[in-house]
């Protein structure tokens, strides 16, 4: 894991046809790349092909630009959607929070412990409350208060700021504002939300109250890409924890915190490692 | 577990007030009962009290009838709902199936291995297909074919037959017919259904197809008491299993079979052991 | 849960005999206590009885001392071991750490979020490194450096300090020193350790390395009371997480951190709530 | 899954070097194979490369023998260990049992439900007891009684019979005899055993009793390839289930049955699908 070598990660998806794997493997091999990991998946019902390739750049005999040009040519031929990232250009992450601190804390600590291969560029909040948490970890904290009147304007400022700071990934760590379609469309498949239920059960507000009323025996959490349909974006990770008649709503909230942070951390880690591809309502998580 | 001694199980529920535990413990002690297990729960928001007491009858110095009369007096005083069962009068169970054999097989095998403290009195089906399975385990198999025309009449016959055979518990082991309200009302809190999803997600038909379309990362199963609201009865047990983009609908069906049978077996075992109390839409499962 | 009322928790264990439950329930009822929860367990092979009773003190008509005197009389009669605690006298907890911060962080955050019903009196370490973490949460941090020469003396100082500060529970949150028998014997059943494996597998040093070499498919963590036999004390809580051939030792360490902190938090919470009784090498965790 | 097309599965392992993936992908592509799935793993500490490729044979333009000859040439060049299997030549499986029926039952039922892509050629036992179970599923049952005197001779007969019947995989479904080294060496990496504990904890006899004495809070099961070191062969699959002070040894045995059969079924399914590679004491399970 730790290393100074540069590793590239290539993600592709396209209609399936023969020779895809050979073509890409050969192209990389021809130019000195050493494949470290390769995963491939074919969605058989729709004949769609998905691949993730991680390769060592140490002995690459052409420039990144030249490599990308070659990939572009192949990808056009095969009608591939593709993207590539490099370990020496780590993603820049922004965390959005409101007043709940458990997910924020968890992400900050994991980042400090080296669990996420990215830069934690900032924390953004609509409330000033959690500033001390961010500052303990040395991460800049910015407040953008939101009211129904100021929302449009504040989002505009946030977008400019995020773009100026070259943020690649936004993590909604129990952020209690609904983002506008305008905002969402600026960061497609780059905003991860944590919902505190096992979706599609208990979407919307107060899922732990709903769960308690229905007497379910498990509660869950779901990390998904945020889309304009609330709580309906492609699911990245989910998990559950057992509960029983002994648990009050407060107990569910407490137990839920553990699942929320585990699931959110898993989703962030997978996204940062370029393991996630979106296909319609679903994700491929290599 | 194995023993020739007779054990009684008393279940009570009533509005909470002081002295309930002392009253029942004293009553049993005064007449020679030895309490083996006692669990108590108070639903604090509604101030409702629930208790399960298992006691050894070996040195009971009064008759069962006399004991029940004494309990009746106390229970009237405290407005308790109560019921008692005796280990020498095991419950009689009927399994309803259609064409899927995995849950049936599982229940029959567990019964033979001694996991359920009950009599397996019969298997009822609307199709003849699974007769060989029942007969391998030496359990009577009865076919009641159902069409929309004959449904009312066939259910009537089933009810008579079940009552004549003194069946205490009906287990719908992937029975593909919807029971009428008339039928359901004859066996309140005594019909357990297995639904092949983590309710309330994916109620209704084809839950594995729904789960696949939505790209969830866990699939589940739910055992609940059947009520007139389809897939909405009080939940007894639930569990899930991880799935991924690699799983086709057929894989979900296969993985689901494991969860279905585990969850159904758990619910049946708890009911048979008188561990389950229904309270509104929820269950207390001691 | 939230309330200003005082709640007492009584734990008892003794040889089983008839009338135990009735005696205690009656005694409490006679003096105005309202039982909120009661759990009872009989270890059938050894005929040992265990009970936990939580009761509301609001309408108790005698003093605590008088109640304890009455309990003493009954407990002598039945040869009970017993202890009682009161919600208005929360336990005082000390956390011991070395250089790993994840468990410390987790405990401090949970305490701040109100998950533990206790006072976090101090953090003790053999290294100064984690002082900033403790201070962020406003908890006193004390350094007792340990070398093989100073160990005996330093432990003596620690013991005095802990006793002076009336510490009830010591949590070894990845504390990398082995405590002497002398130290351990001063806090019997009041020191909780987290071991980073599923004991009894991989006791001793470097369990994640051992796990990786053996190619196990799950890694775990175990919270147990520390005794003079290393990694052999009574187990309070355990859990595991799946791993695979894709996981390096570093990945196991990372995954393990999540299990360690979950399991340790569970054990601390149960101990603080007086839910744990020790019986030989085992625990009863109500 | 269901299909009449022929699919080949190629497993390779060799020292890592550049171009491995490209070479194999190109070779297959050049001859009309369509890769359906490919997984690759590099064991970074030892620089070992592992790959599994499933490909459609429908448009292969050379014979199987020719393909294998080409693979041999490449594999020699790269010092690969490799094997290939074809979906129209399903593996032949033999189940060994003694008197416990739960694993046998489970495997037979799963096979009938189509979960294993193999032929269930026979059940072999040292006792006649389970003959009715095998015959219910229409599978031949052969008894080879074993005493310490006859063991060597009986194993010899078993080996001849298994070889004559072209058995590819032997599953020890709670077979209560220890196989000799002679026997084991005839079927290297082709004998799967289920051990009723989470190895390496509780190897040897009576693991549930050991688990109960130590008061563990989880019990497990381990499926592994049988080697001459008892309970030490490469682990294929493991799982656990929660237990508590309420569980007697008998309860652990009951709960354990569920884990045993789940874990054994998983291991058998993975082996049958050629997803498992052995490397030293460990397995790669794609």
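Should a chain be cited, it is by its letter among A, B, C and D, assigned in written order, with residues numbered from 1 in that chain.
One rule holds in what follows: contacts are C-beta pairs under 8 Å (C-beta built on N, C-alpha and C of every residue); 3 or more make two chains touch, one makes a residue touch a chain.
Treat the numbers as computed from the prediction; the structure is a model and nothing was measured.
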item	value
Distance-maximising chain from subunit B - centres being C-alpha averages	A
Counterpart interface for B-D, drawn from A-C, B-C or A-B and sharing over half of its contact pairs	A-C
Pair exhibiting more inter-chain C-beta contacts, A-C or C-D	C-D
Equivalent interface positions on subunit A and subunit D, same or different at half	same
Distance between chain centroids, defined by C-alpha means - subunit A, subunit C (Å)	37
Chain centre separation (subunit C, subunit D; CA means) in Å	42
Where subunit D touches two or more other chains at once, by residue number	41, 248
Complex interface listing, subunit A residues touching subunit D	18-22, 25-26, 28-29, 32-42, 59
Subunit C partner contacts - residues on subunit D that touch it in the complex	41, 43-45, 198-202, 213-218, 220, 234-240, 244-246, 248, 281-285
Subunit D residues touching subunit B - in the complex, by the definition given at the top	1-2, 101-102, 105, 109, 113, 115, 132, 136, 248, 250-251, 254, 257-258, 262
